[in-house]
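Each of the two complexes below includes chain A, the first together with chain B, the second together with chain C.
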Partner chain A sequence: MSKDNRKKIRESLAKRNRSERHFQWFGKLGVILGLAAVVLLFVDIISKGSGAFRATYIQLEIEYDPDAIGVLDVNDTEELIFANWQNFAKKSLRDLFPEVTKRGEKRKLNNLVSEGAGFDFRDQLTQSPNLWGTKETLWILADDDIDTYYKSWLDDDPFSARLTSEQIKWIDQLHSKGLIALKFNTKFFERGDSREPEQAGIKGALIGSFFTLVLTLLMSFPMGVTAAIYLEEFAPKNKWTDLIEVNINNLAAVPSIIFGLLGLAIFINFFGIPRSIPVLGAIVLALMTLPTIIITSRAAIKSVPPSIREAALGVGASKFQTTLHHVLPLSLPGMLTGAIIGMARALGETAPLLMIGMVAFIVDIPGGFTDPATVLPVQIFLWIDSPERAFVEKTSAAIIILLSFLMVMNFIAVYLRKRLERRW
Partner chain B sequence: MQTSTLVLFLFVIAVFAFYSSQNRSISIAGKLGGIRKLSSLPSYYGTYSVLLTLVPVLLFISLWISLDQLVIERLVVEKIPKEYVPLNTSDYQLMINKIMSISGGIIKNDSVPSWQLDAAVRMRQLSVISQWSITCLSIFMASILVYWGFRRVSENFNARPVVETIMERMLLASACIAIFTTIGIIFSVLFESIQFFRKVPLFDFIFGLEWSPQTAIREDQVGSSGSFGAVPLFVGTILISLVAMVIAVPIGLMSAIYLAEYANTSVRAFAKPTLEILAGIPTVVYGFFAAITVAPVLRDFGESVGLDIASESALAAGAVMGIMIIPFISSIADDVISAVPQSMRDGSLAMGATHSETVKRVVIPAALPGIVGGILLAISRAIGETMIVVMAAGLAANLSINPLDAVTTVTVQIVTLLTGDQEFDSAKTLAAFALGLMLFVVTLMLNIFALQIVKKYREQYE
Partner chain C sequence: MSNSKLSQSISTDGADPKISEQVLDVEKDLLSMESYSTIGNNLVEDAKMSVRNVNVFYGDKQAIFDVHMDIKKNEVIAMIGPSGCGKSTFLRTLNRMNDTIDSCVVSGEVTMDGENLYDPKLDVVELRARVGMVFQKPNPFPKSIFENVAYGPRLHGLADSKVDLDELVENSLKKAGLWEEAKDRLHQPGTGLSGGQQQRLCIARAIAVEPEVILMDEPCSALDPIATARIEELIEELSQNFTIAIVTHSMQQAARVSHRTAYFHLGKLIEVNPTETVFTMPEHKLTEAYITGRFG
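Let's look at the complex of A and B:
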């Protein structure tokens, strides 16, 4: 080989090795970017949402004096309904800051505590009327603007756009007296939705999601499993079966919003099912997850070796007995895994539920399958649309809860697959 | 009796039917000398009885429930004096709803015209009658069937094949639900779309350049007609999907290649499931991420370099959608790359090619149909994706191909047209179904095409 050629090869080899390294670097970059997206997403949401699990409370000494709320007779229920319960907190705040006298300033002072505090007083006093006339030191939930400010102030990055300088001064004073503090936000887990960010909770959405998901599972799992059994074990190989198969594969890829249109046109307008109820949400989600469950169940049935079937048929079992007594039990773990993954998808689904009216503003916590309800992802969507800044925190917290549910479901699925699935 | 209690009661009857028939078969067998003298096992006689009872009765009940409201409505309206019955459908519906709420006790009886009160009372009576007749009829039917099933038990009657045939039919029925779903989808979008195209010509819809679906309440208001040219929506959808693809395809493909060809097992075992987390995150979370985090960051960045980036830019929505699609592309690409036979790689390496040359010239070309299929499926996902764009993309239909502008998409418009107050037969709501039809047809074609490519390719190496 001539020297010239050898030189050429050496040079080209260097070039080829360089391009080899570059290619590897691109690959690594791809993986790193993908992983970075995962990290970024989680860090962003957790950092935004972790605050919502604690809320700002102000310690006040409340005197349950009927005069303060303009009630003459504490046994008169009519009067109690229309009483101005918020006054308990107002009076106590005025006692704390006696120097505040102007009307406008007073209103600002009153705005320190949440407007929902009055309802809490009402509930408490209706429950235990012997509290009338007594005094009590309570931690009262602060208003959402105060909450946002106080949290950001503790982090040395005060967000004071919605507060006046007096209010900031008062908070300073409260802080130095130790009368304002962050505490675990129990309301967030006990309440339904609310227009007031500090009063809003996710219990309604969680219960709604629970009802919807239970019904979805009850509808789609039996249907999916039986359809899979038919297609794997009984279906004759003909055009009809092919059509069903193509159909299922395509349905799995139909955009979820189309299922919402189906729910709206067929179930609401044609069958007249009322809007916003878990039953309707479950029907739509069941139809949506059905293809996924059929596909995974078929894979599970396929993984049962033919020798099992042949042995059963060999000792005289009928086709149906073989399937019911041997194939089904052996493929059930795989089917369950598929069902859990399908349910995880249904739990996170939003778009079709928007179409069937599950976006309504619902304060009450649903008590059954036919009560108007909303679900967790839709609640997240509703809160993002709200203008109050404090809702961002709530939203992130709701997302954290949603993601933890999904993670638990996926872990269960992986665990089931590892523990129960047999390798042949 | 309430329907749910009735169904529960029927199940109790079914349990009774099972045990009575089973016991009868056992006692018959006892006289003949053991159950081997029977044609089927005792439990099959029981199951036969259960199926014989439940299937027809439940079918009957569901048929009754789906029809009784309609019949009651007819009977009630018949008795209402003609002059009160409105002719157009929406007023008619309103009247029916009102009567229903009166009879349900939601509206107080006083301050209601007497003809409505009469109708409400009649409706109440009829629905009570309907409830009673269905209860009596179905229990009567069930008892006859239980008795019949009981009588049919004999040593010569072979229950097993009958039971199995019925069960197989039921399996077939549930397999057909997928077909019914598709038919339901087609019907629901098609019928409304046809109504829409009666009001707005198809040509104007597909080629019109202006989209402003706000129809005015009064006829004489400015811009009362509304215009339904969907081109800006199509362009917006394509633009956002394109941005998503520009992000997702290189990252997804390169990470798939790296993980399939270069990475050692421990890296692969960590990176693959971690990337797949992205596929499990609900789209509403991505929407939040796009609207609250990515869009403001992009806008501030644009301000600092002197670019005017809209706060609802296509770039933000598209970029986050791209992140969502990464695992989709990478897992499909990983599958098809792993399916390329090792012998092809070995051949190339033996000829002196470097690893990257092998990948670029042998593995990728061999896996190309599968990769293309995967990308097409990903595009169909991007087009149909709703929540990210609803939350992060704009509402105004700008005809623009600049990713820094705010554009809107087909799915955003479907959501905005159908949430909130609506009249069902206005052009505005019907337009949503026409858009749904477009979406369905386009994604369906993409899916069929992509699945065919993937399938064809798989057959080559298996």
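Let's look at the complex of A and C:
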């Protein structure tokens, strides 16, 4: 090579290396920005939401005295229904702070514990009536304002806007006696939604999501896979199948809220399916995930080398046998990966469910596919819209739970793909 | 067959420019010809398969033109020709493998023992059990060696019991010369074998259903010379029980294993003759040009 050319090459080399370095820098910058966003999101959400897993409890001496709640005969169910169960807690508080006598102050004192405490007493005594007349020392859930204050006070940043100075004084006293404490918030995992933040739990939404997703999977996976197999292996390649292909891709790009409108217009108005139930949510979500499953399943089928099909056909397998014995098993991991990713999307979907009434305020935990229900992301939407400050940490906690599920699902998908990936 | 000497006589030295010009003219003629006739003994008396008037199209493009040819019982017939001349396409008409390609249309008549293979009433599943195929790239199923061989017999219900099936698998592997190497690892994946072993596994899989004819499409093109030699030996052994049609891009291989050789050019069957004749005194100018290395 001539000296001249070598010089030229060397000169151009510097430029080439420089642009390569720049390219790498840009790439790294992108990765760092992405990671930073993820870390920021998690730190923010976890710091806001972790509080919800613990709640403020107040220790009270409860005496199960029928008189205290105005009941004459503990076997009269009618009377028990209308009894003032909350009085057990009120009485115990008054015993704790005998100096409180004014009406207004008494009310403030009563407000230290959650309004829901009475229901717990009722449930407790209905279950074991032999407790009547006995005494028990219990940790009773505090009111949400107390909870918010106590947690912020422990963090040296007290938020006292919604409390009176007396209430703050009482909490101080309780604290110095060791009668107020943070404990694991079992209610959060045992309850459905509630207007009282301290009573609100995630279980209703979790179960609702579970029912909805199970049905979604049952509806969309078999249908999606069969459609993919038909299109890929059996359908003739002509302009009709081209048209179908284009439309499936279009369908995958349709904004999810449109599927909600479809559900509203067709399934509720035309077919008369009741609103707010998992069956309806699942139909809508299945329609939404179907194109994704078809597309990923087709990709999985395409990745099975044609030589395997030829081998099977060559020894006399029919087309159906070839598909069933070879193509399907080999593409199943890919299909499952697609299904899991589709399900993860469906789990996080909110907009279409708003349209079909799964945004209703539902206290009861759904017991089946046809009970009114809400789902995790909609629960988040509902809570974030609530004015009480205590809902902020509930919202964040629900987001943590939703994200954990999504991450687990994505990990399973990646694991499956890695594990069952075949090298030809 | 003592064709080994023959293979040495195939010269591939530089082309005489004058001859090349002539060849180009002949090729031009061939392209423009409406009809042509195959030179040599393309038709025989005791034919196992007969091909008459066969044309194959991929959409608008014609890949095979008006082929007439017989395949004799228990012979090894080699198909040679420049790449893209339609050898594979022709071979695949013999077990209707072309049916799997949507755009492919076959016209004409192919018979086996007098039975028309393109009869709409005929079931291709049965046909493919009778006419087995070995492909260019070894394509074992990603299953165990045993499962690979047992697949065909199971499909067609050829074995009555587990013992029967075991025996059938063993015999097939023996015939394919793979038994010694595979007997201790029958339940390990077939894809774990070497390339040559995989191809012998594919042969075992094909013969397990006891076909009458075996089609092989460049079965050695993905293999090293030693593996190739083993397959060639195997072909010679198999020819005692099966009729074999083999496509090859190696003239030496055609010379070593086949009894007759068919030369294809641009989709036309130019010449069919005993292998010895084709490689020592080809009748057609194009055949001569090909075997002396003037086309790739």
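Going forward, the second predicted complex is superposed on the first by the 392 of 424 C-alpha atoms of A that agree within 3 Å, B and C clash if a C-alpha of one lies under 4 Å from a C-alpha of the other, contacts with A are read in each partner's own complex, and residues count from 1 in each chain.
The rule is short, and it goes like this: a residue touches a chain if its C-beta (ideal position, glycine included) is under 8 Å from a C-beta of that chain, and two chains touch if they have at least 3 such contacts.
Quantities reported herein were computed from a predicted structural model and do not represent experimental measurements.
Enquirer: Does chain C touch more residues of chain A than chain B does, or is it the other way round?
Expert: Comparing chain B with chain C, the partner touching more chain A residues is B.
Enquirer: What is the contact status of A:27 with respect to chain B (first) and chain C (second): first, second, both, or neither?
Expert: First partner only, chain B.
Enquirer: Is A:234 contacted by the first partner chain B, the second partner chain C, both or neither?
Expert: It touches chain B, and chain C stays clear.
Enquirer: Taking the superposition on A as described, I'd like to know which of chain B and chain C A:308 touches: first, second, both or neither.
Expert: Touch status of A:308: second partner only.
Enquirer: Is A:141 touching anything from chain B or chain C once the two structures are fitted on A? First, second, both or neither.
Expert: Neither partner.
Enquirer: Tell me the contact category for A:112 with respect to chain B and chain C: first, second, both or neither.
Expert: neither
Enquirer: Could you look at A:354 and tell me whether it touches chain B, chain C, both or neither (first, second, both, neither)?
Expert: In the superposed model, A:354 contacts chain B only, not chain C.
Enquirer: Give one of first, second, both or neither to describe whether A:318 is in contact with chain B, with chain C, with both, or with none.
Expert: So A:318 meets both chain B and chain C here.
Enquirer: Quick check on the output: what are the common chain A residues between the chain B footprint and the chain C footprint?
Expert: Shared contact residues on chain A: 318.
Enquirer: Of all residues in chain A, which touch chain B in the complex?
Expert: Those residues of chain A that touch chain B are 16-17, 19-20, 22-24, 26-31, 33-35, 37-38, 41, 44-45, 48, 222-223, 226-227, 229-231, 234-235, 243-244, 246-251, 253-262, 264-266, 269, 271-272, 287, 290-291, 294, 318-320, 344, 347-351, 354-355, 359, 377-378, 380-381, 384, 392, 395-396, 399, 402-403, 406, 410.
Enquirer: Considering only the defined contacts, which chain B positions touch chain A in the complex?
Expert: Interface residues on chain B, with respect to chain A: 66, 69, 160, 164, 167-168, 170-172, 174-179, 181-182, 184-185, 187-189, 191-192, 250-259, 261-263, 267, 271, 274-275, 277-278, 280-285, 287-289, 291-293, 323, 326-327, 330, 354-357, 359-360, 377, 380-381, 383-387, 390-391, 411, 414-415, 418-419, 424, 432-433, 436, 439-440, 443-444, 447-448, 451.
Enquirer: Which positions of chain A touch chain C when the two form their complex?
Expert: Contact set of chain A toward chain C: 236-237, 305, 307-318, 321, 325-326, 330, 422.
Enquirer: Sort out for me which residues of chain C touch chain A in the complex.
Expert: Its residues touching chain A are 95, 97, 100, 102, 125-129, 132-133, 135, 137, 139-142, 151-152, 155-156, 202, 205-206, 208-209.
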